Amino acid sequence: MNAFNRLLTSAAIGLAVGVTSFSAFAETPANMLVIANRIDDVTTVDPAESFEFAGSDISRNVYGRLVNLDPLNLEAGYQPDLAESWEVSEDGKTITFTMREGVKFHSGNPVTAEDAAFSLQRAVILNKTPAFILTQFGFTPENATETIRADGNKLMITTDKKYATSFVLNCLTATIGGIVDKATVMANEVDGDMGNTWLKTNSAGSGPYILDSWKPNESVTLTSFPDYYGGAPAMERVIVRHVIESASQRLLLERGDIDVARNLNPEDIAGVMEADGVKVEDELKGRLMYLALNQKHPVLSKPEVRQAFKYLIDYEGMRDSFLKGQYTIHQNFLPKTYLGASDENPFSYDIEKAKELLAAAGVENLEVEIGVREAQERIEIGQSFQNAAAQAGIKVNITVGTAKQILARYRARELDVYLGAWGPDYPDPQTNAGTFAYNPDNSDEANATGLLAWRTGWDAGGLTEKVEAAVTENDREKRVQMYLDIQKEFREISPFVMMFQQIEQSALRDNVENWSTGQAVTAAAYWQVTK
Amino acid sequence: MSLTDDNNQRRPRRAPLSEKAWPLAKTSMLTLGSISVTLLGLLFITFIIGRVMPIDPVLAIVGERASQSTYDAVYQQLGLDKPLLVQFLYYLWDVLHLDFGTSLLNARPVSEDIARVFPATLELATLGIIFGVVLGVPLGVLAAVRKGSWIDQVARVLALVGYSMPIFWLGLMGLLVFYGILGWVGGPGRVGIFYVDVVPSVTGLILVDALLDGNWAVFKDAFSHIILPASLLGYFSLAYISRMTRSFMLEQLSAEYITTARVKGMSEWDVIWKHAFKNIRVQLITVIALSYANLLEGSVLTEIIFSWPGIGSYITTALLSADMNAVLGGTVVVGLIFILLNIFSDLLYKVFDPRAK
Amino acid sequence: MADTQTWRQWLLTETPTSRRHAKISAIYQGWLSFRSNTMAMIGLGILVLLVFVAFAAPLLAPHDPFVQDLGNRLAPLGTDGHIFGTDSLGRDILSRLIYGARITLYIVALVALIAPVAGLLVGTVSGYVGGWVDTILMRITDIFLAFPRLVLALAFVAALGAGIENAVLAISLTAWPPYARIARAETLTIRSSDYISAIKLQGAGPLRIITKHIWPLCISSLIVRVTLDMAGIILAAAGLGFLGLGAQPPSPEWGAMISEGRRFILDYWWVATMPGLAIFTVSLAFNLLGDGLRDVLDPKAGE
């Protein structure tokens, strides 16, 4: 920038004094990784409570787990982390972990089996939102100390019945499996909260990074842990800055102010690909977009109508336009890359077919309300659907609201149609099967708000038992086939119109290597990143 | 009334207080009383809105996957099972002890949050009002003195455009041109990413903190970030301040004593600044105080466009996620500032303006 | 020709023959002085055009504003058949702007009806009755004035649900207090006048005095104020739309259109720029008109 430009600047922004120029291209320090991401979903960083995306990213880097996923080889599945090895008892109900020796927490305390037992018991006893991931194995606040116990450097967990071992271990790779430093946490206990209040904003882990600060809606700062058992990470400081706008993230990246931009929209991805020194990496994520048709609605509960709606989605049109590069068509409840995932996508955009089905059901002058979260891509999906439905003679009214507004009505079974997104909670097919196709009691009194099938008012049409059977099957091939069968039936009869699976496009400065946002199975990891 | 607010047109008003002359003690008592009543009303309305809102605060905390038992536990923990009035009284009791409660969403004390976000807004609004005054007052005076000249026309157009521009749009365009295309200013946010937390936070105002720390690089960077949103806010207050200055000046310039002064052969400079301008100072301060109050309370959209972590965007985010403790705390602080600035300008009137007595 | 001449003379007469004649004559003279104000006439012209566009939208719009064409999205300015390009779903931006004029007019008209009337009611009652009624009403007014306005409007919309009617109510809710203050001040001066005392002696009740004698006198200052506030109302509505709390999709509300286009601001700047210009033009027109009207109706307050 020359002096003349500088002069112009000053004039343009109403300054008499010349401002020194701001360099057009900056570069982040070599030992620092700077990421732009939306972090407004973080409400706590306590691993027993944290459940949203950005919070899971923090946890994954700060807390070690018994078993963990390797960011450079996610396909390999769970690997030893704080537990060096494990054995399953003959009845298949008890797993005994042997702890890795010489691992330290950030405080300097050694990581022991006692800490691991405390962490899991704590998660069960606190019974926060993600607790179901553990309590589904029969752990309760009452029996936690017997079912989860430490003995020397061994940790034993005993489930209420026999489950597929992979299912149990997969669940332990989730955020809630994070092992906390018992001594530090209990030193900060207030009113018997097992340190929950303190851990909401502080950390006590053994992972490769130490949480320096989390400023809500501003930034998360991590510093490397030099004594990490796997070796100190290359990036000594990681800063995640909350930047909402895609355009802002793109400009920051193009100017070299950040190394990674995680929320670019398709237009900005296209733009950024033309910039120098920037590359884009795709990762298939687990998040699915779907429509849920309320089965308490007299018309939407007709089988032909459910079927008709599946033809009213312009799958390809959307994928190739405003969802370009960021969603792929997927009409099954198990995300691709999951055990038992299906690639069958039988439905296409077909107004005539939909009209026939509607006519067969004797539907006329149907008017429905669709609840949509205020995210732009969802509003556009909603409008595209509205447009298609209008051609088939259905009037669709869109109600846009914040996540919480819309969600509350969905949970209360009040919405006619809900445009939803669902991300798996742990890398096992049960995570989605157990919510889309499982509903043991469809009555209002059951109040099973955690189950999508219940929210939709659908009794799961006989799939409930099949899901229960699949989760205890230890033979991998058989288990896969069971899920394929469930999904086949689900596609035809369910009131869920499964539409898309997300692809996360991270835009990186081209010197960033080994970047991973955890694909469909876990959260982002930073310790393997180099520049 | 404009919600985009930065170009607000609220007129200064004569306070009911100044209608009668009260002894000082009684006046202060009354003032205090009226502040508390207003604040109480403010709190009550916000509280009620929070409770009738269809956003479920419990859901906001526990998230989509929570089981019913988790949900119920949090419901009770928040005291939502108690009658509304009881909840309000509890809340009031805490506020009287300067405890605004804990943010539902980030588990921190609301007072801590406000202490963090308010300086950001204060810094932005203060710089904005400085622009507005430094440029707006001379422009208004000049426009009045040279009524009908080109400078008057320019001032008029500037003000009209300012009143008519959607600030969020102008902000977007400003970012696009000055940051996106030209790269002359810093982008959204208060400082560039590697200057975050570099200087210790003493006052919370980054520009001041950087100077105190003697860190010139941070100061420059922070300045490059604040300049665009502050100029924008400054422009909108300039529009208002220059118009008001002009009309106050015109009123003075047509007064008898000015003609007399001119006849006596006083220099034009002295006529304008020593006589006319001196007489509009009080009115002007009122206008500026109001304008300042508006910038402090109402730069929500500017803050959103520029990702400015200030109190406006804090309240908005909190509101949309049903974090009612945060909304209430923010509203009280902002309302209090507004009331205080109003009282301040009323007092000025009382003390200095002979006509108000 | 001669006929017009006589009309003009009749209208401009110094010696009106009846009260109505005097009134019409005054209005005509006001119009003449207004007409000489070029800026105000430009403003009026733009607004007349806006009303015309809103009414004739189906005739003027080249496309259906709701019809999507995903294959032709984000078309640039000057594309064949889409002068202002197309938006993210391939809808014609010009047609959406034209239909959007209806929404803008609708909001402006409703707010202009609700807020001043509410303010007038509160202000005149407060001013006329006085005493504790005055104290309470003015305290309530103060509370609303002290509220951060966007927060109040946001909270209101959040409580009632997003939508154009609720946005109108929310804006009205934040807009009435200043009108109440104006009406109260006017009432206070009128109340103590001899004229009102005389009517009182004739046995008129308070209701009659307020509605028949005080309201008409408050109206002109309110009209000026409303016109001046109109731009603010448009900006407010656009602000709510921008935050997603105004008109719901697929409604072509201008603020919401900016918000949609904001995502592509770097590569497809026109998507957000065009509705922004539309908002700017209309609110500028209202400001020009308001300035002109103020000069005519209330010369003291103006220059």
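Order of writing sets the chain letters: A, B and C. Residues in each chain are counted from 1.
Everything that follows uses one rule, which is that a residue touches a chain if its C-beta (ideal position, glycine included) is under 8 Å from a C-beta of that chain, and two chains touch if they have at least 3 such contacts.
No experiment lies behind these values; they were computed from the predicted model shown.
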item	value
Chain whose Cα centroid lies nearest the overall Cα centroid	B
Greatest separation from chain C - chain, by CA centre	A
Chain pair with more C-beta contacts, A-C versus A-B	A-B
Inter-centroid spacing, chain C versus chain B (mean Cα positions, whole Å)	25
Chain A and chain B, separation of their C-alpha mean positions in angstrom	39
Whole-Å gap between the CA centroids of chain A and chain C	47
Multi-partner residues of chain C (each touching 2 or more other chains)	158, 161, 262, 265-266
Contacts with 2+ other chains: residues of chain B	54-55, 175, 180, 320
For chain A, residues that touch 2 or more chains besides their own	245, 247, 251, 402, 405
Touching residues (chain side chain A, partner chain B) in the complex	1, 5, 9, 12-15, 19-20, 22, 24, 26, 28-29, 32, 34, 40, 42-44, 51-52, 127-132, 197, 200-201, 213, 215-219, 221, 239, 241-245, 247-248, 251-252, 255, 257-258, 402, 404-405, 407-409, 411, 425, 447-450
Interfacial residue positions of chain B with respect to chain A in the complex	54-56, 59-71, 73, 103, 105-108, 113, 116, 131, 135, 175, 178-180, 182-189, 192-194, 196-197, 220-221, 223-224, 227-228, 231, 234, 307, 309, 314, 317, 320-322
Touching residues (chain side chain B, partner chain C) in the complex	1-5, 7-11, 13, 16, 34, 37-39, 41-42, 45-46, 49-50, 52-55, 147, 160-161, 163-169, 172-173, 175-176, 180, 247, 250, 297-298, 300-301, 304, 312, 315-316, 319-320, 327, 330-331, 334-335, 338-339, 342
Footprint of chain A on chain C - complex, ascending	66-68, 70-71, 73-74, 88-90, 158, 161-162, 244, 248-250, 260, 262-268
Complex interface listing, chain A residues touching chain C	245-247, 250-251, 265, 267-268, 270-271, 314, 317-318, 320-322, 374, 376, 379-380, 382-384, 386-387, 397-402, 405
